[in-house]
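Presented below are the structures under discussion, each in the form of structure tokens.
In the two assemblies presented below, subunit A is common to both, partnered first by subunit B and then by subunit C.
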Partner chain A sequence: MLVGARGLVLGTIALVGLWAAWELGLDPRDLIPGSGGLALAGELFSRAFSPAWTYESAVPEGTVPLPLKALEAARVTVMLAAAALGLSVVVGLFLGLAASTATWVGSAHGGRCAWGRCLNVTSPAIYGVSRVFIALLRSVHELIWAVLFLAAFGVGQFSAVLAIAIPYSGTLAKVFSEMLDEAPRDAAEALRSAGASPAQIFLFGLLPQALPDMTAYAFYRFECALRSSAVLGFFGYPTLGYYLAASFENLHYGEVWTYLYTLLGLVLLADAWSGALRRRLVPGGVR
Partner chain B sequence: MTDSERISGRAEAVHRLHAARPRSRFARWSGIAFVGLVAVAWTSPALRPGDFLSPRRLANLRRFLGELVPYPLQQGEGENAARVAVAWSLDMLGDKGWSAAGTSLALSVAAIVLVGALAAVCMLVAARTLATPEPYVESPRTPSRLRQRAWRALAAGTRAVLVFLRSIPEYIWAFLLLAILGPGVWPLVLALALHNLGILGKLDAEVVENLDPAPMAALRGLGAGRLQIATAAILPLSLPRLLLFFFYRWETCVREATVLGMLGVVSLGYWIVDSRARNHYDEMFFFVLLGAALVLLGDLLSAVARTLVRRAS
Partner chain C sequence: MSVESGSAGPAAGFRLESVTVSFGSVAALDAIDLEIARGEAVGLVGPSGAGKTTLLRVLNGTLRPENGTVEVGGVDLGSLSESRLRQVRSRIGTIHQDLRLVPNLRVVRNVLSGALGRTSLAGSLRLLFLPPRREVLRVHELLERVGIEDKLFERTDRLSGGQRQRVAIARALYQEPTALLPDEPISSLDPARARDTMELLLRLSRDDGLTLCASLHDLDIARTFLPRLVGLRAGRIVFDRPTAELSDEDFRRLYDLEGD
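And then the complex of A and B:
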């Protein structure tokens, strides 16, 4: 019986995969690049072990050296990601609170004062509305926000920050609320039976239990924000993606690898940082 | 015991608990460093948040918002506005919407199924419990140094490749692959697949490493080979968790699939950029909303699938 269920699940997934391949007209023969593509791939990957240290074409006098330019692009990438994530963490924290069932534990019986009674009536509404709002925030990709902002306002670094921050706020809020929901409730229950206010229950009963997971997750999202910030360069912001695309279009493949390795370095640094933090904060945690 | 004694005893217990709470200087400094980084980023002169809402930009915004309204409505169809809007939307759906949404969905599905299969292979090579000369049970003869090193290098090498794959975003993979393979669907499927293989391969390998080793050790004791252990114990035991991660990654694949079309294959992203280039902002907004609907649908399906998996396991 169990084997049958497993087979059914895997078989369904395979069938849906075949439908997708048919719908897209995927043909394995198209995987072999044409002669032009093959030559390009050869040129591109032959430079993987020799990224450029100097520009591959003549540059005007006084241009900053390539490594410095890559570092400057990396700095902008980090700054946009940090600004966006800082905003997302604040927004995500408040939204995540509103969308967590655990938050409303305190108000469930707290009808002693007018404020408590008011919360009793409104909390299901706040909870529901914030869940829907979070789903909506997450549903539009940061690159689509970037295109919208470019159309509405023109280029400006602040719009890049907002483009990243909007969907990231939604994701952080969703995961924060799940973490608050999954945190052990006994401390919160004890505080409630001792007569603590909803704010006290939340601050001293719930938040400390979920905080390590939430911190580790926020740092993981920083790594994702770095990638998003780099890709926003393709839309004209001065992050790594901008220079990478320009070098690629000028056939300067060594420079492409310089920028790729800079991005790789940034992501690895962020990964090492969040990994070290996770090991200290979340013993035995996988994700 | 008097009340006051009980209370002071409790206070002491609370104090002990408080003193024993997990603390980490590294975590504290990480927090401080991050807040500092955010502060520097927000005060950077290039950011200029105030400039964002300058009068000129607000005027731009007002004009832009007006142009998001379907074109026939902009022409003034005051009385039957709703009917005109619905007719316009159905036109858009029939013309490009359905097929673009279908392509985006198919892109995400094709990529994640490919990734699921590849990751199930990668995890076996990357899991340090299996990629060793003596998996699960020590062999009577100590394996040679060379064999130990070879297995360790295989696992470490696979992991390094996975790290590289996931460090490069889908969009950049797609950009590079489109140049190599030429315009078509494969570059986008592969771009989604490469980045997500890096993530799913790592997560799946961790699932394998965290399995209870007893069943595998029993099989090994009976003389089973690695492949037999993998098919008879590791795959069935890890399947529920693999499926959870599979659907979680599919969700993000749907999101990414809506934008990869911006690089030039007919999916939602393509029409978003195309209608923007033609200054048809009403059409652009329509495709943005359609993409959002698709992502919400993906989230919903993934949540249902994951609940089913959790309940069944």
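And then the complex of A and C:
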């Protein structure tokens, strides 16, 4: 063997990458901006350290001050993300359970009673169908759903929530099912030998060991949902992205940074919150 | 120490008749006949891979032998439905060698989970999420008996190995068992702690009138603590006698590497 399996995989990835670059005609010189682009970039980034506190153009009497407007946009962003993630966690949890092999561990032995026999027949089907369904949910990006719903229902909060919740449910379900599968099964085996039923084995032997990771991952997805929710503003939903895009088009770069920093603040807050929770949940962490 | 209320009924005896278990083409147990009387204390000894753990799994009803009959408390396990078999298992306190606790739960929850086998799903949800004060007190009482009552609300993964073992013993006792089946209970303990643990297991089963069947690789401990020893080797019973009647020669033959 001249190259190991790992070398073969890495080599193949590198070759595919080069081939794709050649097919696309990638040219590093394209990255050099024209003089107009350079000026625009310069203008934008020169405002990075001086975000706007007031509007950069005349606004009608009675318009809310810019910082308040940014905060209101942040509130809508958080609300959309929270609603979408709440929905996704519920759907993801149920689909994740159905698509985890661990869920069906206990029932593999239950072939004698009617319910056990029934599960033995149906569980591979439930497992397979839910895995395919999860793949379907994940295969379409939230922005595509947003465009679709925009065309179908117009701008509405619920369509924005659904656009995020559909792919997020799929991702959460996939990762939840994997975390359940990776949870150690020794405690489950002990409960089985003490006469626990499959449902009890799952609830008290497997789920508690996967729960800290599942919670931490849900929090990470909340951060992602915040960004997605902000980006949905580009399609007219009143989140941070909506005002960001408007300010950018009007060349109000100071306002752009105001909104960007607000988004950054949101993500940092979510991160701090999930970090604190993780330290509490994960063993060996700071008490 | 007294037998508390709600403790087990009469101890269960075991009877195996030509029990055979094989994993693939390897016979883990080969036509085993064994009788353990109610309330007896028995040690299973023998080299690694002799079938001690497999035998315990047959005794606790998690492994159905492909041949032979297994009776627990006079009931033939082969004729039982899965749910009736679960009832039998729920009254047999297996203490696994690797303990098999849920590490990130508090001690009280791990002990409470011993009752799952005799609790409905709804009842077990209540028991583990909102345990009645009476049950928590009972857990405390059991932890007192195994000597770690101060760890009631500690997270299980913060305990030492010896303390975790006591949690596993308390969980088995909370099953209100008719028999205790510890699998290699002293394999990861230093000699002093090993003797403590053996004394504890014997005292607990004597106080509650439980049948005790422990697998042990440490011959000295087995000979010191258990009145009857069953020697297993390559899935067969080599000897089954009162410890007093066993000679050094018997043990030498049990562990002899050459004579298979």
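What we mean here is this: the second predicted complex is superposed on the first by the 269 of 287 C-alpha atoms of A that agree within 3 Å, B and C clash if a C-alpha of one lies under 4 Å from a C-alpha of the other, contacts with A are read in each partner's own complex, and residues count from 1 in each chain.
We take it that a contact is a pair of C-beta atoms (placed from the backbone, for glycine too) under 8 Å apart; a residue touches a chain by one contact, two chains touch by 3 or more.
This structure is a prediction, so every number in the text was calculated from the model and none was measured.
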Subunit A as common anchor, with subunit B and subunit C clashing or fitting: clash
Touching partner for A:193 - first (subunit B), second (subunit C), both, neither: second
Touched partner set for A:26, first subunit B, second subunit C, both or neither: first
Which of subunit B and subunit C A:155 touches, first, second, both or neither: neither
Partner chain in contact with A:277 - subunit B first, subunit C second, else both or neither: first
Subunit B versus subunit C as contact partner of A:209, first or second or both or neither: second
Winner by number of subunit A residues touched, once subunit B and subunit C are compared: B
Partner chain(s) touched by A:227 [first = subunit B, second = subunit C, both, neither]: first
Interface residues of subunit A shared between complexes with subunit B and subunit C: 208, 212, 281
Residues of subunit A defined as touching subunit C within the complex: 109-113, 116, 186-187, 189-197, 199-200, 203-205, 208-209, 211-212, 281, 283-284
Residues of subunit A defined as touching subunit B within the complex: 5-6, 9, 13-14, 16-17, 19-21, 23-26, 30-31, 33-34, 36-38, 40-41, 44, 76, 78-80, 82-83, 85-86, 135-136, 138-141, 143-144, 147-148, 151-154, 156-159, 161-162, 208, 212, 215, 219, 222, 227-228, 230-231, 234, 241, 244-245, 248, 260, 263-264, 267-268, 271, 273, 276-277, 280-281, 286-287
Subunit A partner contacts - residues on subunit B that touch it in the complex: 21-22, 24, 26-27, 30-31, 34-35, 37-38, 40-42, 44, 46-49, 51-52, 57, 60-61, 64-65, 102-103, 105-107, 109-110, 113-114, 116, 163-164, 167-169, 171-172, 175-176, 179-182, 184-186, 189, 203, 206-207, 210, 236, 239, 243, 246, 255-256, 258-259, 262, 269, 272-273, 276, 281, 284, 288, 291-293, 295-296, 299, 312
Complex contacts: residues of subunit C adjacent to subunit A: 57, 60-62, 81-83, 85-94, 96, 98-105, 109, 113-114, 116-119, 121, 124-125, 128, 155, 157-158, 168, 171-172, 175
